[in-house]
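Alright, structures below, take your time with them.
Both of the next two complexes hold subunit A, though its partner changes from subunit B to subunit C.
Then we have the complex of A and B:
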């Protein structure tokens, strides 16, 4: 019971996961594509949330890790590797790159860190566009015979569930408390013995490795990548917006954000009138959340939830006073 | 003077300059194990800056701090805390959105002892018990009263398992009954083997608790010794109350 009270989303979450796993037997390919996209966004949002939500280090450079994972998969697959074996390599490269980027940027605090990460993400995109072996700005294609939607679907859904499980597990342990302490007061965390740089680097490495795994599966699923698709700043922006709109620093928030954004994206991209205005809509959504409910959908939910019993107790108190 | 032994903390010629302001000017003193050692002086004398230099929250411009014979200069705040030297803050700054127990848990998990599992839980309970916060364990730190916040500040520092505990005005803003409790707590902590440095304005507490003390004024040490003699020292009285003899001469 204690577990359920701490995680009210556990039962619907498990039911939904089960539905995702049996979906390929029942649903049409179009629906499965949408579900794949949702799982992809869940991985990105939940992994980013580890550093951005729990530790409060808002990075706008996460497309770099999607791209590192995607390019590693395509380039190694073209060199004859099995796509599955390329995934851990991409994750390791992304984790290593996250440390290289983190060492200088984690010295910066608040908005200065965020601005620096924009620079890193853009630099990686420009470099990938200019290099010969990455195919430059026209991108690269996977070798033929590497496409199998069903296995890719299960891998992406499995990765999403693994990511959520890992975040939930870390949340319950010392590491999660250290991230929370860093978010609330980094000097205070250090004054109690937390090596903030080390903890941030670890969170950055874990989340970037997860994002790179998703990037590798993305490349296999779409069979073609370019700097414009995987190193896109708009992708970085979407990764940040999902947890913010859903509720930063919570387990469920990024999932809700990912559901909302994957739905929005499907709707918007399908409609020619809205296709070019989706950043405008995302921006409007962000402003609304920041103005009215900075804790996102999860904050709204908590507010409504706490209102219900309170109204009931005041009603009882009034009834007592009247009698 | 207590029996001579190796000092647990040796501060030698520590200076700290903030731009044009010399906040600490070649301050030296030594603290013996299990001493209660006070640092007093008027506002702006450099007492809090001294504590910040000890734990590495700011780095001294020059001079050295040795803890159990080991040089501390160049180490970060968290590295010094994990070696067993910790401070409280005059302006308390708990993790407001965390429970009282989680505030303490951070120090238990990441301080000198780095406890995990059942041992960590025991240590959290022990620290909460010692600081009389058990009944507030599940409350968010942001809703505590000022007296409770001061005790939480001590609890967070204790949670890191220190050998030397630096208390920065933990009695400020407390009522007389709370001051008595705080004094009893400081004595009890010393009796468990801790060495205590404290910045305190409350003269009764300083005189009643301290084995020895130093007096700072404008960043310089102007007196050192036992409370009985130091608090009667004319230079100390002048620093606190203004120079009476000059005032009289002018009148």
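Then we have the complex of A and C:
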């Protein structure tokens, strides 16, 4: 019971995960595609949130890690590897790259870090489009016979659940507290003995490895990738917007954001009028959230929840009267 | 030797453009401690405005700046009054909230351009676009020279405003110390609105100039935003001379790298991104900070 009280979202979460896992037996392929996409977004949003939300290090270059995972999978699969075996390689490469990027950029604080990550993301995209072995800007294709939707679906949903479980677990431990301390006051955290650079590097490595795994599964599912699809700035943008709109630094926020954006994407793809105005929607959402509720949907929820009339314990009521 | 001179002159021409487009970012940062991510969107929009004036009324792109810059000054003031003003003030440094908000503004501007002009690549062709002038053994494009002249004129004009008028002095005062400026009777809110307008107007002039040199789409401007940011960081974020020096340094590094090393053209933009990260990490105070540090070392000895 104690566990339930600490995690009120556990019951709906478990029910929803169970529904996701039995869905292939019941739902149609179109619905399953949408669910796959939602799980993909959940992985991206929750993994980004580890560094961007909990530690407050907003990175706009995460599509680089999706790209590293996707390209590793495609290139190794074309060299004769089983796509499944390529996934850990992609994750390891992404984690290694995250350390290379993080070592210089984590010395920067707040917005300076964010702008440096735009530069890193752009540099990676420019270089990937210019290199020989990535197929340049025309992209690369998976070898035939590597496509199996059902196993890919289970893998993506499993990865999403694993990511959420991992984030929840980390949040409960000293690591999560260290991230939170860095977000609130980095100098204070350092004074209390948190090695902020090391903690940030670890969070960056974990989240980029998770994102790269999702990227590898993305490549297997779509069978074709190009710098325009996986290194795209738009992808980085969606990754950042989901946790921001949902609520940065919370466990549930990124999931809500991922649901909202996967729904939005379905709508956007369905209607040409909306597809042409997706930047209005994304930009408008950012402006509205930043002006009115920087904590996103979760912040709004908390604000409404605290306004609900409720029976207070006598001690609180008395304290209120006294003040 | 001759190649050296030509490359150096080319760098100088590029530096003028870079200084104009970066100054908009610097004045807004100085007065408001905000990094204007919408800068790229404003440059892109100004490029389109210049193109539209050229297309409809066959107005020369350099003359159209006389219309575009004041128009964008008003747009900037409007943007300040509707959106920027409501941001909570942070005295310590730029807040994440302001950065993301302006990022949202940039996205909206991009979509605006898509909605009005579509996603096709546009460019401005004038009779002198392909002309060039021989000088000291090299050939220099006429648009490049005109851009340089226009940027020098705009920077001299701005410098006069900043040095000689009350408004300019107030802007500099708020940049140096907001509280002291307010105590001396400067209306900091009003100054912020004007500064945002000036910053937007300079972004617009930069955009007009860019439109005479490059083809553009609504996605245009990201690499120039990063370059501008690199320049103002190099220049120490707020000083007028700092921006000019930063622009010179970046222009020289870029031009010499492409002339004397075998870095492929497609990787050229990566130079400024790398430089940006290196400078942010190694010398967060920019060149002035580096200079002070060296100065102190010498004095200590």
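We adopt the following convention: the second predicted complex is superposed on the first by the 308 of 323 C-alpha atoms of A that agree within 3 Å, B and C clash if a C-alpha of one lies under 4 Å from a C-alpha of the other, contacts with A are read in each partner's own complex, and residues count from 1 in each chain.
The rule is short, and it goes like this: a residue touches a chain if its C-beta (ideal position, glycine included) is under 8 Å from a C-beta of that chain, and two chains touch if they have at least 3 such contacts.
Quick caveat: nothing in here was measured; it's all calculated off a predicted structure.
Within the superposed three-chain arrangement, the count of touched residues of subunit A is higher for C, of the candidates subunit B and subunit C. Within the superposed three-chain model, A:28 lies out of touch with both subunit B and subunit C [touch as defined at top]. In the superposed pair of complexes, A:290 makes contact with subunit C only, with no contact to subunit B.
When the two structures are aligned on the shared chain, A:174 is found in touch with subunit B, with no touch to subunit C.
Once the two complexes are laid over each other on the shared chain, residue contacts for A:191 go to subunit B alone; subunit C is not touched. Remark: subunit C residues 35, 83, 86-87, 93-101, 103-112, 114-115, 222-223, 226, 229, 264, 266-267, 269-270, 272-274, 276-278, 280-281, 284 touch subunit A in the complex.
Subunit A meets subunit B in the complex at residues 174, 177-178, 180-181, 184-185, 187-196. Interface residues of subunit A facing subunit C in the complex, by the touch rule stated above, are 56, 58, 104-105, 107-112, 114-116, 118-120, 122-123, 126-127, 129-130, 233, 237, 244, 276-280, 282-287, 290-291, 294. Against subunit A, in their complex, subunit B makes its touches with residues 55, 57, 76-79, 81-82, 86-87, 89, 93-98, 102, 105-107, 109-112, 114, 116, 156, 159-160.
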